[in-house]
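Letters A, B, C, D and E mark the chains in the order given here, with residues in each chain numbered from 1 onward.
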Amino acid sequence: MNALSLRGITKSFGDQAILKGVSLDVAPGEFIALVGPSGCGKSTLLRILAGLDHADGGEILIGGQEMSGIAPADRNVAMVFQSYALYPHLTAGQNIAVPLAMRRLSRTQRLPFVGSMLPGQRSARAAILRDVEEMAKSLKIDHLLDRKPGQMSGGQRQRVALARAMVRQPSVFLMDEPLSNLDANLRVHARGEIVELHRRAGVPTVYVTHDQAEALSMADRVAVMIGGNLLQLTTPQAIYDDPTHLEVARFIGQPRINVVPALAENGLVSFGGVRLALNDASFAGTSVTLGIRPEFVSLSQNRKDALAAHVERIEFLGSEVILYCKLDAIGEIMIAKLTPAEANGVSAGMPVALTLSPEKAMVFAEDGRRLAATPVAVDALKEKAHG
Amino acid sequence: MASLASMSIPLTTERARERSEARTAWLLASPAILLIVLFVLAPIAAVIFLGFTDFQLGIGKFRFVGFENYAHLFNDRTFRKSLWNTSVYTAIVAPLSIVLGLGVALLIESETLARSFFRTAFFLPVASLIVAMATVWQYLFHPTIGPINALLALVDIPGPNWLGASGTVLYSLSIIGVWQSVGFNMVLFLAGLTAIPRELYAAAEVDGARSSFDRFRLVTWPMLGPTTLFVTTISVINAVKVFDTVKTLTDGGPNHASEVLLFTIYQEGFVYMRVGYASAMTVVFLAILVVLMFLQYRLLDRQVHYT
Amino acid sequence: MKTEALTPGRAIRFGLLSVCALIFLAPYIFMISTAGKAQDDIFTSALSLIPAHFYYIANFTKALTRVPMGTLLLNGVLVCGLIFSLQVLIAIPCAYAMAKLKFRAARLMMVLVMLGLLIPIHATALPLYVGFNGLSLLNSYTALVAPFSISVFAIFMFLQFFRAMPDDLIHAARLDGMSELGIVARVIVPNAWPAVTAFAIFSVVAHWNDLYWPLIVISKQEYATPPLGLMYFRAAEAGDDYGALMAATLTITLPLVVAFLLAQKRFIEGITMTGLKG
Amino acid sequence: ETTLTVHYPMPGFFKNVMDTISKKFMEENPDIKIQFASPSATYEEGIQTILRQLGTNEMPDVTFIGLNRLRMIDERNVAVDLGPLVQKDGHMAEEGFSDTILKLAQVKGKQIGLAFATSNPIMYYNADLVKAAGGDPDNPPKTWDEVIALGGKIKALGNGVDGIDFRWQGDDWMFSALLFGAGGHMLSADEGTVAFNGPEGQKAVELIQRMVKEGGMPVFTKPAGEQAFAAGKVGFEFQTTGALVNTIKNVGTKFDLRTAKLPLLDPVNGKLPTGGNAAVILTHDAAKQEAAWKFVKFAAGPYGASVVVPGTGYVPNNELAAASPEYLGDFYKKNPLFKAALSQMPVMIPWYAFPGSNGVRVTQTIVDNLSRIVDQSAQPKEALDDAASDVTGMLPRS
Amino acid sequence: MNALSLRGITKSFGDQAILKGVSLDVAPGEFIALVGPSGCGKSTLLRILAGLDHADGGEILIGGQEMSGIAPADRNVAMVFQSYALYPHLTAGQNIAVPLAMRRLSRTQRLPFVGSMLPGQRSARAAILRDVEEMAKSLKIDHLLDRKPGQMSGGQRQRVALARAMVRQPSVFLMDEPLSNLDANLRVHARGEIVELHRRAGVPTVYVTHDQAEALSMADRVAVMIGGNLLQLTTPQAIYDDPTHLEVARFIGQPRINVVPALAENGLVSFGGVRLALNDASFAGTSVTLGIRPEFVSLSQNRKDALAAHVERIEFLGSEVILYCKLDAIGEIMIAKLTPAEANGVSAGMPVALTLSPEKAMVFAEDGRRLAATPVAVDALKEKAHG
């Protein structure tokens, strides 16, 4: 049984279809990262999952149970909101304590004056306090527990929102870009915390992010949503190495995959020293797209099948250098990712020669479908041509 | 030394900047200030002045009597009675109309059906001319042929003599007072409710605020804090200023049982024509209110604004 | 998937609302009933809401002809419109200054505002009357409008509302090059719409129905406001002409109800601060 | 051409009357134009308006003041003394203004105004109830004892029916009706001491208590009593004849409405107070005064009376009007209900107004103490003594 | 003359000092990235710069002119707020047009009815419209121009806020995490747009970000602010390769620099096959910290001076793989950044041997100061020891 199932969820705002039938199964304890371009409906999907919005169609099952008509509070999901949605009148500590108090204390125990006199509430409250402090410590916000949201920085607020969601044990975790306002170190730290917590608690998680590093490093499977459809859902490795759709390939990978138009003749695609044979012989089209990731583009001083190009822009990223080169032949930009050592001496405007690794190239049909293809040695090709 | 100087220069210009901000503020507030001085402060000054005289309407001359009016006031049985009645009336009407106003606003917000009908229904009493409505209430409260007592008779409850008996008249007026002000408070609460970010309710639901009462405690009530403070202030002030219903329905009677402050002041000033004495009464009335309000504000203002 | 079903909770809520609404409307039910009754049909020993004979036409004819209803209503609209515009024009900048600008006199202003709230017009009517007489302004629209051009209630209400507005919004406007007045007009007012509408409701209702002040400053028919017209149906010790009185009351209340119906749509549209992140 | 601004109270009552009179007056005097200021809802508000407007441009030229407030007007020296005008006129009596009638609007011999619409208290009764209780509707009670006895029987009919509604609220007018009816006075002749707590006053308040205890009188507010009577739920109602027209309309055909004279505790010496109002001239402009005098005389004259009486139920304040068939003679034949008040005209004396600045407050004190009797929280004597001692403190110290 | 100068800016909230004397000079046309941990006062500094907050002390010069006492509107700065601060009642298009209308139209021209009849306003308005559309197109929000902020997703709102700031020509640009809510592709695109715009307009820019890739790739110089102090301000390359302070080294670089305690004996620091001689012979301390970036940690099968460790966690990031290894000797985590090929076959829990590149190691004193050091060949060392 799946921990969470979506079947054909659709949703429109006015006449604008935002979700066009999204189906998704999350196994118990699985961590799914949901990525997609801004405005593609990720937040909307999470809200529907939590029961905060109604879908126009489709069904949701949590733990095998149909969820329609069940109130958000009864779905036992925890959510981190993109806009934080902290209670402005409560301190950080009180904010984090809310979900615990709501579940652990009885209604009467929560009453302002009466409640504090009831038996058992004292120890329950102490336990809540302990949990809150522990959570706060692990997210490095224990010094902020007495501050109200209005007195915190953006990142601090976000961590409080995260703590509020993570402090309890829900049946599903929904997180909407929970780390987007954190600095890199804190993000890595928080990433570790979330993964750790997930491992310990085994709560299935749907995690929306626009940070690929997060998606690829944290998730068991990554779902790519584009234009209201879930295009691919598979392991991080597969989604990176083996995208089934051009849009997915384009979306995943940083810097972006290089995409150039190519011609398919007789089941053979060739471009700048790369020769690929299409496995599916029945493919009839002629114009295809060739994709190759920047790390498989390298500078070569003197290979004759190298592509002539000029460096447009150099981006230094610390441990690596990104070259944006304009191909002399077709005017397209080709990106190469190099180590600082490899890029040593390269400067903007300089002519360079680029080589591509044929075994890493991918071929896509005009409609974006991935076409299976195998690299063909140039010699073999020659043989073929001459043979 | 030099560093001290360089530190102090920007600070003074910074102060100049603050001054310019203050100047803008003054400019924006000046029409209001001018008009307040003209239409609030100046008349109050005149009232305070009159309070020290024996001025009577229609008699041109008056003389200063010092604190005589005030001395008289402390022995005035009617004044004390009306002070007490006003307190009782306020103690009933203000809390009831706030609670009901909030309740109605919440119910209407949570209900999708016939919203504008309900809003209008509860608002109508605010929009009605009390002099005309008093006539209707007078009839509704009629001890023998009135519909209320007729209904009570159906279930064998002897109806009280609502407006006629000194024991019940204040409560009857309070009922009308509540009827009149619930809609007023409802509108304010509705406006306050629309300003609460929807996301907070979403968060509350996800956090396990299952019942609407929980969500109310967690989000609505604290977020309505400023509105509630405002409504409370206005409700108390309006209750203390009750006049029209008393004037048109009971004339303070029977035997001062429904005598309230503003009515007493009116009676002294305009019916007995003793404007000087009425002015002294007004001053005391205002003094009491001012003290009350500032106490309330001191205590509550801090607690309801979060940013 | 949509849950619009009638749950028990909803049924209770709806029932509660309906019962309350009925209680609140009861006086109106009697009013409407009375407006259609002949005079001898009004006070009877038996409770009957349906008039024995329908006198609506007679009573409304009386209500509309006995007083110049047209002039009254027109004056009402003019006076309320003027008062409301002035109040908003004057109160909003002031409330903005008090809420969002550093301003040492803000405390003092608060005192003034509270004081203004506490003062009933009954207390200051006499000095004001003397003042208007001194300026020969009695019996004029000025006399009807001027004392209410300042509404401390409005200042107080807007103040509460503006305080809740995020500072960043105002900062953005300052950087965009708006003057403070520009901020008020272009940022504050459009976003204070629910508050302005709510205030409009109160202001218009209060001054449409105000009897006390017009009675004092107006002695010429051409400036009379609607409630002054109602007097013609009252006869104190001799007993009122109830049917016509109710018909007249309905006639002058109706515009308010229509106005409220229009306004409430607007103020619930309530623009929430969704231009912000958190 | 002269324009007169005229102000009057209680428009619901007087508007039609005033419109008719002024129209006719303008027809007869084309050089005078009458324009009305906004009317006031009550006599009280009318006086307030006038006092406020004193000396301003807004002050009307002519107004109508409640008879019990003339003394206050006089003390404030507001009104134009009509004495000289009356003198100059010479033949007031021929026009129906007898001395008795002129006296109604005099204060200490000074002619403050001309009585315009006058009333006296009468007894209204529900003939159906009287009959049901075993009384004879054609022979209404002539003494208070009979009234109380019958009232008690009516109350005993049950079904929420009450015996008596005596209009004691609001002012001291109905109390004076009992007091004067017993031959008593409010103050001593020199106006130095309280006299209403004498034996006549005692009888009056005891009577009120008896109405409550024996006559079946509930605690009504003013309009409540009137409404209950109109609904046929009260046997007797004692109040001004001024409410007659409206009562007739309110009652319609629901029951057989009758009127009769108000019983007097002392049928020989008993008197009744006069209610109503007087036209008062305020303008000091000579030309306007002349026009105003014309108008006032016209309004208070026979034509005026012939309009006022049918329209209101008041008694004619002009002897010519009452007698002459040209004016009201026929009217009374056709409308017997109006006769009760007419027949009481001989015993009408001015409504007593207390001297000094506390005059109005005194009446309120009396009403307050009456209410204690009616709701049975005080014994009549106790309440009367309290009233007396309070009032004593409010009289001007001379 | 500097385009922008800050001198000793201090600011406290209550008794908590947030800025402890920040000084910063921005040259004309320069692009400064301001980075620092969450809550360190970055937003506060920008707000002070814009004149929206008052500093407690210090001075600000824009274009050489002392700014204290000058209103925000007159400073001619443009700012993107972290909270977006869009006008909720205006559509995206109108939001973007506001700063233009405010500056290009006269007061009378802006009036609702009268304004539209004045000469010249028609063409001015048309020009504004054109500029707005152009800006919107370059940020890919031209299809949103008629929507109100309430109907947009988080990332869409952020782009509108960005467009509103960039549409005019201020004397200084202030941007507070303007891209934090965008997906990776859009971010790269927007990054390019901003850089391009900056190059074209030459407006000096202070850019707050928590994304190092942004900071390093876009900025002329990067300022690192930690604990209320500006610790280092230099070129991206230098800040990455040559941090002057441990905190800076720790903060910059993704994944984080590896930091291990080491002993300094006789001006010699050694750790796991790395030997460094401290240049400053006068350094007296004994306990120092050794830092080495993850890309200079590699797996070695069989070098005897390699560090024995166990793989704790593997993070797959598409083009690279991050290994978190626990050193057997000291129990610290050492991170290695490898290509997928290099990491092939490694799995969690596996024992590995790590080698460090000595020439890339950095030494920091106990107080965090960087100590200059030169690698010493092991042989040379041996010689020394034995010699």
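Points worth noting:
Following the convention adopted for this analysis, a contact is a pair of C-beta atoms (placed from the backbone, for glycine too) under 8 Å apart; a residue touches a chain by one contact, two chains touch by 3 or more.
Going by UniProt, the chains are A, E = Glycerol-3-phosphate ABC transporter ATP-binding protein; B = ABC transporter permease; C = Sugar ABC transporter permease.
Source: prediction; values computed, not measured.
Both chain C and chain D are touched by B.
Under the contact definition, chain A and chain C share the contacting chains B, E. The count of contacting C-beta pairs peaks for the chain pair B-C. Per-chain Cα centroids separate chain A from chain D by 92 Å. Distance from the chain A centre to the chain E centre is 22 Å, each centre being the mean of its Cα atoms. In whole angstrom, the spacing between the mean C-alpha positions of chain B and chain E is 55. Each of residues 71, 82-83, 154 in chain E touches at least two other chains.
In chain B, 18, 135, 139, 145, 197, 307 are the positions where the chain touches two or more neighbouring chains simultaneously. Listed for chain D are residues 52, 160, 170, 223, 227-228, 231, 233, each touching two or more other chains.
The touching residues of chain E, when paired with chain A in their complex, are 13, 35-39, 43, 82-83, 151-156, 159, 177, 180-188, 210-213, 216-217, 236-237, 240, 250-256, 293-295, 315-319, 322, 337, 339. The part of chain B that touches chain C in the complex is made up of residues 18, 21-22, 24-26, 28-29, 31-33, 35-36, 38-44, 46-47, 50, 104, 107-108, 110-113, 115-133, 135-137, 139-140, 145, 147, 150, 179, 182-184, 187-188, 190-191, 194-198, 226-227, 229-230, 233-234, 237, 241, 243, 262, 265-266, 269, 275, 282, 285-286, 289-290, 293-294, 297, 305, 307.
Of all residues in chain D, those touching chain C in their complex are 7, 9-15, 36-43, 45, 49, 52-53, 56-58, 60, 160, 170, 222-223, 226-228, 230-233, 240, 242-243, 245-247, 249-254, 312-313. Put simply, chain E touches chain C in their complex at residues 47, 50-52, 71-73, 77-79, 81-90, 98-99, 102-103, 148-150, 154, 157, 164. Listed in rising order, the residues of chain B touching chain D in the complex are 56-59, 135, 138-139, 142-145, 161, 163-166, 249-251, 253-256, 267, 270-274.
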